[in-house]
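Shared between the two complexes below is chain A, which pairs with chain B and chain C, respectively.
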Partner chain A sequence: MNARALSYVLASAALVALTALAFAVGRYPVSLGEIVNLLFSKVTGGAHTLPANVETVVLQVRGPRVLAALLVGAALAAAGTAYQGMFRNPLVSPDILGVSTGAALGAVLGIFLSQGIFFIQIFAFAGGLAAVGLVYWIGSRLRGHDPLLALVLTGVVIGTLLGSAIALLKYLADPYNQLPAITYWLLGSLASLSPRDLATAAPFALVGLVPMLLLRWRMNLLALPDDEARALGVDVRRLRTLVVVCATLMTASAVAISGIIGWVGLLIPHAARMLVGPDFGRLLPLAMLLGAAFLLAVDTLCRTIATIEVPPGVLTALIGTPFFLWLFALSRRPW
Partner chain B sequence: MRSLIFISILFPSLCFSQAAAIDATGREIRPPAKVERVYAAGPPAGMLVFAIAPDKLTGWTRAMRPSEAQFLPERYAQLPELGRLTGRGNTANVEVVLKAKTDLIVDVGSTGETYASLAAQMQQQTRIPYALFDGRIESTPAALRALGRLMGDEANAEKLAAWCERELTDAKQRVSRAKQHPLVYYGRSPSGLQTGGKGSINVEVLDFLGARNAAAEARPGLATVSFEQVLLWDPEVILTTDPNFWKSVWTDPRWRTVKAVAAKRVYLSPHLPFGWFDFPPGANRLLGIWWAGKLLYPQAFEDVDLRAKVAEFHRLFYHREPSAAKLDAVLREPGVLPQ
Partner chain C sequence: MLTVESLAFGFPGRTIGRDVSFSLGAGEVMCVLGPNGGGKTTLFRTVLGLLPPHGGGISLEGKPLDSLSRREIARRVGYVPQGHAAYFAYTVREFVLMGRTAHLGVFASPAKTDLAVANRVLESLGIAQLAGKPVTEISGGERQLALVARALAQEPKLLVLDEPTASLDFGNQVRVLERISALAASGISILFSSHDPDHAFLCARRVLLLAEGRVLEAGAPREVIRPDTLERMYRVSVQVVPLPGGAHTCLPAIRP
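Now for the complex of A and B:
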């Protein structure tokens, strides 16, 4: 077995093991036997004699949260991988075109208007899409520049503008009630995730993910200069738009249910690239596996190590940074 | 001559004004002889100044919204918005405070070193006496008296302070008669998963009432907890300040098996004109003591007429007794009291 295949196998094995572990641990004690028993009775449609709380924990609380961590991790890593390839820049993360900032502004506005959780998430999702739409519209109208540079620059500038709108809303918010809620949302967390959140967000994330997976071999062409790609018979503009739409759908639906969780979309693509090289067709599946496993590990720690929840953004940086440096030191691959 | 200077250094209060008071940070505050205009640095301070002498309050931290204004006499509800001065985000312009010809700045709340130094610094910068008082519920009578002395309204302040003391003692005695102390979870934010640990200012009403706070082991201050943790605590009563959470708790399958939800003991704190249970952390929470007392200890608080308490508190602290219709609107809002 070559090193590439080994990476896939190891990453998949790690993901499966982590998922089993994540189901087995938590603040509420549920034994592995009870989980198996419960799932078995659900699959076969038979009755079980487990306490009602066990069913609530496994099916309503922990299960959806584990799945959401997998989904958000995979989505952020995939979007980051696509953008790093497309912008030919290793420093790019999924929010380069303002999707996270736009989602944050939407959510903050929802909290400011005293909305319930569902509408806060809708606001966040819409905010993310609107921000990228605006950036893309302005960026593609700035002629006479490299189109990618125009896009990145517009993204940074609009991101700053939206950031100041968030700051204004925080300033105007009620300091005893709304401000803490805003702060917690911006820190990101999967703590309050419900099955409904997952059911609402997952279809959008999949709609973004499937085309990207299908076109992953062709996306290598995005790394070429425009005229070379065109010479190979690829409409770069259309492909680029498609990548932006897919990445935005994935990131916006992830951020809407999790808040802003940094590092995953930036670090995981690098880790994957060190393992299997820059070819997008091989890179994307591995990045998704690693992203899902990484965020699941982080979120499991977040919900188990203390009575209160630990913000995942803190742990992603705390675990991700040394891990990344270690991988970087080991890696001998050309970038 | 020299001895006179000496005396004025030793006893400055003798020379500059009659009323001096030590604030909660131990600084001696010497307001001018006649205090006419008082700037309240935060909502809890505004409430106390307004209660003692409404005509001396120069403005609110944040302009009254129409839903809140209907509970106050019109001329006070229309006072301008002046912003917060210190503490959780400074929104006031110091020049506005100066322009308002302020005689005295008052803040009520945390007396920790951060706030004490901010008070000292602001006083030095503006040359306006800046008094900081402890905002805990049980310190309310003391804060009222000290503030009354500074403002030259001792009689009014004494009346309010004595009333507060009577109410607090009465509530304490009732709690001591209660046989069972229920396990209570306080859920904030639309998800209900934000809570306050033991000693947190957000759950002072619970601590005062001797209720067992489910989240006692969490850190003091606000924190997010996981849903599994709440299930593990399995509280008997849930109190919340968020109407969205109160509505969703009945339909969300995750909450169904929690003892409080199964027993229909999830209650929503009234919030007009100021919250009863948590924020702002001011004298408004005196009502929260009677409200939560009735919910947590139905027997010990059985003969408490909540309606009369609300009317009396409003008359004393907000200078207007709410109409029967308004009282109904507050007390009959779904979730406020058992159906």
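Now for the complex of A and C:
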């Protein structure tokens, strides 16, 4: 078995082990035997002799949360992988490009207008798309600057602007009902997810993912200078637009159910690229496996290390910030 | 193969050259000489359809260039740009395989036949040993050859090379010129630019002198490369010296 295949196998094994662990640990510990027993009885339709509490904890409390961590982690990692490849910029990710903040603004507007999860998704997608469009448009017009930096700085600045629009909505929101909902949601959390949220978000993420999987070979050509990719027969503008829309759809689907959980989309693509190289077809599946495993590990830690829950965004920032600075210090090196 | 008729070219909103006409037959080599900023790269980008013409016409195999899709152009014309900024550590083999894009379906990945083409091209350029190395870790000369390999993987009928010898050492320059001659002998038409008139003497059948966006003269190297034309283009004195055996070389005079 070569090193690349080994990366997939290890990542998959880690994901399975973490999933089992996430079901088992918590305020109400469940043994692995009980989980297997319960799942077996659910699959075969037979009865089980486990306490009712076990079924409630596994299927209704931890089930949606574990699935949400997997979905959000994989979606953010896939979006980050796509953004880094197509902007030829290893320092970008959904949060740095302002996509997450744009999607959050859309979602907050949805909450403010008392919309259901479906329209919150749509608003989040529109907000994310507007943000990335604006950032890319401004970034590509700042000629004479280091293009790597121009895109990152524009993303940060537009993110701040959108953040103040969120602040305005919070100020205007009903302080007893909407404001707590908006605030808790913005902290980034997987705690209060319902199966309905998941069922609404998953199709959005899937619609974003399928074109990326189908175009996985062509995606590589976006890493070349535009002239070269065009001379090789690619309609660069059309492909890039399509991929931006897909990656933004995936980001929005994650943000709409979990709030802003930063850094996953930056860290994970790099880790995956170190393991299997830059080819998008190999990179994307591994990034999704690692992203899902990473966020599940973070979320499980967040709900077990202290008596109160720590927002997962806090933990990812603790890991992500030094990593970004390290990358930045190395940014004269090839990727 | 390639016909250019009274072409005007430039960037959107700024025309930098006009009245350029030439044609290139199968297996012919044409060298474009001209000072920096004379419009060589812009002319090439226009011929490749990367910039829209500002007037006149370009046709490939008798078909107007603007009637062909990017994919159809890429199946006919290979492009070797002036240097390449590598952002990601693709291996040389992966990089060369990107040349197969125009032969693949939109959702397809390269198949065994594409890999065979890539390997054959790498072999023919003598860089098979680089196949597994990241493009970010090879030398400038090796990267130039990798770019040529990627263009050849397109299986083009016309190869456009923008200053393929720039930034190469003396030996690599000669090796690139040898490749150009060999490719032309195999029937591929070649359009390349250079800063060294001797390169035109060495391997081009025809020369186009391009200064300030206009054709100064065009024709066989020995008729066109003269002390007076070189002096007009580059504003230095040059002797064109015949060598034993019928070859010629350019020798600039240094005035202290």
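Just so we're on the same page, the second predicted complex is superposed on the first by the 244 of 335 C-alpha atoms of A that agree within 3 Å, B and C clash if a C-alpha of one lies under 4 Å from a C-alpha of the other, contacts with A are read in each partner's own complex, and residues count from 1 in each chain.
Keep this in mind: contacts are C-beta pairs under 8 Å (C-beta built on N, C-alpha and C of every residue); 3 or more make two chains touch, one makes a residue touch a chain.
These figures come from a predicted structure and were not determined experimentally.
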If we overlay the two complexes on their shared chain A, which of chain B and chain C does A:225 touch? Say first, second, both or neither.
second
Touching A:180 in the superposition: chain B (first), chain C (second), both, neither?
first
Tell me the contact category for A:281 with respect to chain B and chain C: first, second, both or neither.
second
According to the stated criteria, A:33 is in contact with first (chain B), second (chain C), both, or neither; which is it?
neither
Considering only the touch criterion stated at the top, classify A:234 as touching first (chain B), second (chain C), both, or neither.
second
So, A:217: does it touch chain B (first), chain C (second), both, or neither?
second
Output check: A:88 vs chain B and chain C. Expected answer is one of first, second, both, neither. What do you get?
second
As the complex stands, chain C meets chain A at residues 45, 48, 50, 70-71, 73-75, 77-79, 81, 84-91, 94, 98-99, 101-102, 104, 106-110, 134, 136-137, 150, 154
As the complex stands, chain A meets chain B at residues 26-28, 52-53, 56-57, 60-62, 111, 114-117, 120, 171, 174-177, 179-181, 184, 189, 191-192, 194-195, 303, 307-309
Chain B residues touching chain A in their complex are 43, 62, 84, 88-89, 91, 188-194, 197, 215, 217-219, 222-229, 231-232, 234, 241, 243-245, 247-248, 252-254, 256-257, 278-281
Of all residues in chain A, which touch chain C in the complex?
85, 88-90, 214-218, 220-221, 223-225, 227-228, 230-235, 273, 277-279, 281, 334-335
